[in-house]
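The same subunit A turns up in both complexes below, where it pairs with subunit B and then with subunit C.
After this line comes the complex of A and B, so read on.
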């Protein structure tokens, strides 16, 4: 496709779902109602770790207005010691996370649920359920969970042939690490810690589930994947997928946290048992206590360099807290941390540590910010030690096309180097700084993802276009799909309507996550639209009675070409659609593909902070995010992804943390005490979109959503060092911690 | 416990409802009056997603009792379009890509309109501090602030 001729790709069009969202009409899961609907509430564990000896629901059941009660006895029985794998999740864990079975494993763990006439009655009934617990010792922090006499969460999990809370490891190796460190002139090794942080999506988990007397189930819910909801609900309830229709409501943010189910199977059980549609909406406190977050971590990173700035060896050890069940994002930490660099000798290892906290869920580039934080801070120290500009240092070690990455692949064409070069020449990098101000830089990487996607492109009878895909749109993917379809068909973008299908109206599509949606859906939409164009040419050929190959599709119309050029008046899309019935019937095409070729994304960020030394508050006063975005189909929403990711990274670096009290309860389960960045905390966030097109994608798309949360943690830590001359090895760098360090003098 | 009868004006229209003494304004808007544009996100006044105006004063409807609306005027996001046309702020939010998931958008728009009603020419700092009670987790606020600035500029041109 000729770049210059693009009419819609690269244009900031108005998003198709915009009008509904600015008028309050967009329907999120909690906005949905059904005739005869009742309300469900969850009874949650008051202990961080306890055996469930018995559950007595008699009193609750007899309360007026109570219709049904669910416990783990109503779920499919998955033995705890044999895996039931669905994608990257294990249904024996998921089932026990949704309703506890043998034990409760964290404060807030669901134990039972009630459907009742009102939320108040359901809540009251929950309080009448009698659970006999045998309270067990618990472990919250990583150190407590991995020490010799730690209370064990799952007896059958072994590490080094002993029952352990270390549920798994993941390693990457390259070259000879000992030899590499011997070659180094300077070696720096440091330890780092990060706190658990929540995705902080504003919409709490919600669903409405109706099981009719014929056992057909309809689920309206807010999730990152209606097919994920269908599959997990099917596994946990035993209802076949063909009997479940999962409808994706508009989703009020997910950031990875809505890639699993919490409420849907519970509401399904309650609905089946009560014979009524059941609505469930979590409170913010429930979201904080029992969903998400991402891991707390402890890491050790050691890197060696030559005096000329060449990295000779790198080693990273990462302990990530998984919460109650195995599955922390060690792959993101151990796999992404060295990805921007050409490192000849390396070893990274991640340890998956269970403890008595809520099960972690994916959070934007899962694990990658944790690894990058440690590596990028050590690189900053090394650059200073060898007296090299930190960006020049990164330039010297930058991975490029052909580099064998530590995590495995040999890179195809990619744009890491270009992000560093763009940062170096950006005016921000040269601006003068005042007292107590500092500047830091850091880079980051995310794998990106492909996977299964389906699309259907239909031409309406009046010659317009309806595109259906299977991925919930969180950040504006419908706008990008409209741009691509309009571009390919050569028509005004306003004539393209883009919808998200439910599980009954479009084929299986993997969930919205991994920065995969536009990469994958653009592929299937492109194939479908190209097929539609072929059909349109065939129909024009019939109307004109000439050969189809003698027809061009240009600017939204069929034109006779070659020997026939100029012989017939071009036929518009509308004119061909008008003759669809006599020329062969409805016009449309669909494609379903397991997409491959999603190449990684790289970013380099520059951050300026100013530290209020009286209050210990570090404020970000200037921020520039440079990223290789492949090709920006809708630049404003690409910028939005970068800005949003940076803002979340700033929160992670400076304020956000899960704080537990000495009873093993989360102490800050609300937005007053769990402080995400507010508007007055942030400056404008400048973005530079570097476009090195992905050679394996028809439009050059690379995923863009996740990379931007990877560099900020280190960029901010490095900036604070630059401002104060003090390094922080523990996140968040919140006012109490900063003050403590300032008072050291 | 008997319910309270409330007569109020919502988005310019006389409205009556019965509520429990403990019902919040947000409960009644969402669950009785089908005005689900106001969102329940924190139920503690920390996020602003349920922002409405009460006699032109910006409030969190989750912190207000439904009974308090008696004799007052409430405006919600559903009342922001006039005669089927967008308010300038709504238009600018769309043009500036100032929303992603959209769950904070209704509250953000109600709060921004309340700002411009009081202060037609706010500085960036004034916008940021006025909107500090409205959380957004998607955008990093950049495009929201720019959209409010653009709306302010266009409203002044038209005035």
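After this line comes the complex of A and C, so read on.
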């Protein structure tokens, strides 16, 4: 496709969900109701760690207005010591996270649930459930969980042949690090810590589930994957997938946090037992206490360089909290941290640590910001030690096409180098700074993903287009798919409607995660649209009674070509659609593919901060995010993704943290004391979209949604150092911490 | 959700009668921006709510001349900001009230609610204390006038008796060359709760400070009037060493706690910093009047 001739690809077309959202018409999960519906509420553990000896629901059951009660006894019984893998999740953990079985493993862990006429009655009934607990010692922080006499969460999990809270490790090696460090002129090794942070989506988890007497189930819920909801609910309840129809609602933010289920299987059990549709809506406090934040971490990074700036060796050790069940994103930390660089000798290792906190869930480039934070801060120190500009230093070590990455692959064409070059020449990088202001830079990488996607492209009887895909639109996929379809068909984008199908109306599509959606769905939509174009040409050939190959599709119409050129008046899409029935029936095509070739994304950020040195408040005053976005199909949405990632990174770096009290309870389960940034905390976040098209994609698309949260933690830490001459090795860099540091010496 | 009675009296007498004669748990509602949140969180479950914002006296803003005002306890931040004179005379009180919440909250949040909610961190309370305002309290036994700093006893506790309602705040006459200011430390730029708040109200004679009231919020169980600091600066020309000494007095007056919002050391340190910044603002304002 010729770049210059693009009419819709690369244009900021009007977002298809805009009018519905701003006029309050868009339906979110909590907006759904059904006749006869009742309300579900969850009883949660008052302890961070305890054995469940018995649960007595008699009193609750006999409360007037109570319809049904669910406990783990109603779930499929997965033995705790054998894996039940579904994608990157394990259903034996998922079922125990949804309803605790042998033990409660964190404060807020669901123990039972009640469906009742009103939320108040359900709540009251929860209070009447008698649970006999044997309270156990608990561990919240990583150090407490990995020390010798730590209380063990899962006895059968072994590390070095001993029961342990270290549930797994992941390693990457390249070359010989001993040799590499020997070659280095300067070596810097530092320890870092980050706090657990929540995705902070505005819409809390919600669902409505209706199980009919014939066991057919309909689920309306807010998630990042209706097929994920169907599969997990099927596993946990034992109802076959063919009996479950999962309908995706509009979603009020997910950022990875809605890639697993919390409520749907519980509501399904309550509905099945009561014969009533059951609605459940979490409060913000429940979201904070019991849905996944991402891991807190502890890491050690050591990097050696030659005086000329060449990296000779790098080593990274990352401990990540998983919460109550194994599965922290150690792959993101150990795998992404060195990805932007050509490192001849490297070893990275991640440790998956369980402790008595809520199970972590994916959060935008899971694990990658943690790894990049440590590596990019050490690189900043090295650049300073060898007196090199930190961007020049990165340029010198930049990975390029052909580089063997530490995490495995040999890179195809990719644009890391271009992001550093663009940052170097950006006016921001040269702006003068005032007193107590500082500038920092950092880079970052995210794998991106492909995977299963389906699409159906149908031509309506009046000659317009309806495209159905199978993943919830969180970042602009509908607008981008409309752009691509309109471009391929040569018609006005306003004639294309893009819908998200439910599990009964479109084939299996993997969830919205890993920055995969536009990459994957553009592939299947392109194939489907090209097939539709072929059909349209065939129909025109029939109408004109000439050979199909003698027809071109151009500008939304079939034109006779070659020897027939000019012989017939071109047939528009509408004219062909009008004759669809006599020429062979409805026109449409669908494709279902396991997409491959999702290449990684790279970014380099420049950040300026200003510190109020009397109060310890650091504020970001200027920010530029440069990213290789492959091809920006809808630039405004791409820019929005970059800005959103940076905004969340700023919160992570400066203020957000899970704070626990001495009883093992989360002490700040709400937006008052869990401080995500508000608008006035942020500067205008400038973006530079570098476009190095992904050679393995028809439109050159790379995932763009996750990379932008990777560099900010280090960019901000480096900027604060530049402003104050003091380095911070632990996040968040909140005012009391900054002031304390400033008062030292 | 609440099940119970919702009363909307139109006069003070009616309100006092309802309030003093009610059995069980009864709550006054002005803007409701604290109360509704507390009900939703389950902190309080009133059987009866008495909505006092329809009472004329509680919505009035009266200009008594000489910079003195009488402001209804239920007047919202947005309404007070629209008054053409109040903010010129009491910019510190107004800016403190205006810091509360967001645009939406400002349409409802009141001085009376902020004070009687008795949070140690209420933003308008230090400013009210520094202003020297008196709270007019109507109750079954009549009317009393109490200095604002005497109303709160501790977190969530006031010394209001059964049936008593704060109806109005009486702000004193303004001396020439006098003004006030309020600053708070929050980690965010808005929509946050004060880690420390500091209000300063001063009168100047040329470059000499002839009167002052200084109050701190969020550093003790209630907002504090810091007489010691005021004593140090009265009579001075607000020289650096005087201000440093007064800042120390502010720090010493703090009895803060270590919690998720800030450490003792941090709060003490910050109270001195805010005092020094707030007094500069108040002084500049005073010299302009």
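Please note the rule applied: the second predicted complex is superposed on the first by the 744 of 745 C-alpha atoms of A that agree within 3 Å, B and C clash if a C-alpha of one lies under 4 Å from a C-alpha of the other, contacts with A are read in each partner's own complex, and residues count from 1 in each chain.
Operating definition for what follows: a residue touches a chain if its C-beta (ideal position, glycine included) is under 8 Å from a C-beta of that chain, and two chains touch if they have at least 3 such contacts.
Quick caveat: nothing in here was measured; it's all calculated off a predicted structure.
Undergrad: Per the contact definition in the header, classify A:176: touching subunit B only (first), subunit C only (second), both, or neither.
TA: Neither partner.
Undergrad: Between subunit B and subunit C, whom does A:655 touch in the aligned arrangement: first, second, both, or neither?
TA: second
Undergrad: Check the residue A:680 against both partner chains and state whether it touches subunit B (first), subunit C (second), both, or neither.
TA: In the superposed model, A:680 contacts both subunit B and subunit C.
Undergrad: Quick check for you: in the superposed arrangement, does A:672 touch first (subunit B), second (subunit C), both or neither?
TA: both
Undergrad: Looking at A:6, would you say it contacts subunit B, subunit C, both, or neither? Reply first, second, both or neither.
TA: neither
Undergrad: For A:644, decide between first (touching subunit B), second (touching subunit C), both and neither.
TA: First partner only, subunit B.
Undergrad: For A:458, is the partner it touches subunit B (first), subunit C (second), both, or none of the two (neither)?
TA: neither
Undergrad: Is A:614 touching anything from subunit B or subunit C once the two structures are fitted on A? First, second, both or neither.
TA: Once the two structures are laid over each other on A, A:614 reaches subunit C alone.
Undergrad: Touching subunit B in one complex and subunit C in the other: list those residues of subunit A.
TA: Correct list for subunit A: 672, 677-678, 680-681.
Undergrad: Given the complex with subunit A, which residues does subunit B contribute to the contact?
TA: 30, 35-44, 46-47, 49, 76-78, 80-81, 86, 90, 93-97, 99-106, 109, 124-125, 127-129, 131-146
Undergrad: Within their complex, state which residues of subunit A touch subunit B.
TA: 12, 14-15, 17-19, 21-28, 30-31, 199-204, 250-255, 281, 283-284, 474-476, 634, 636-637, 639-640, 643-648, 670-672, 676-682, 684-685
Undergrad: Given the complex with subunit C, which residues does subunit A contribute to the contact?
TA: Touching subunit C from subunit A are residues 119-120, 614-617, 619, 654-655, 659, 667-668, 672-673, 675, 677-678, 680-681, 734-736, 739-740, 743.
Undergrad: Show which residues of subunit C lie in contact with subunit A when the two form their complex.
TA: Touching subunit A: residues 1, 185, 187-193, 195, 260-263, 265-266, 269-270, 273 of subunit C.
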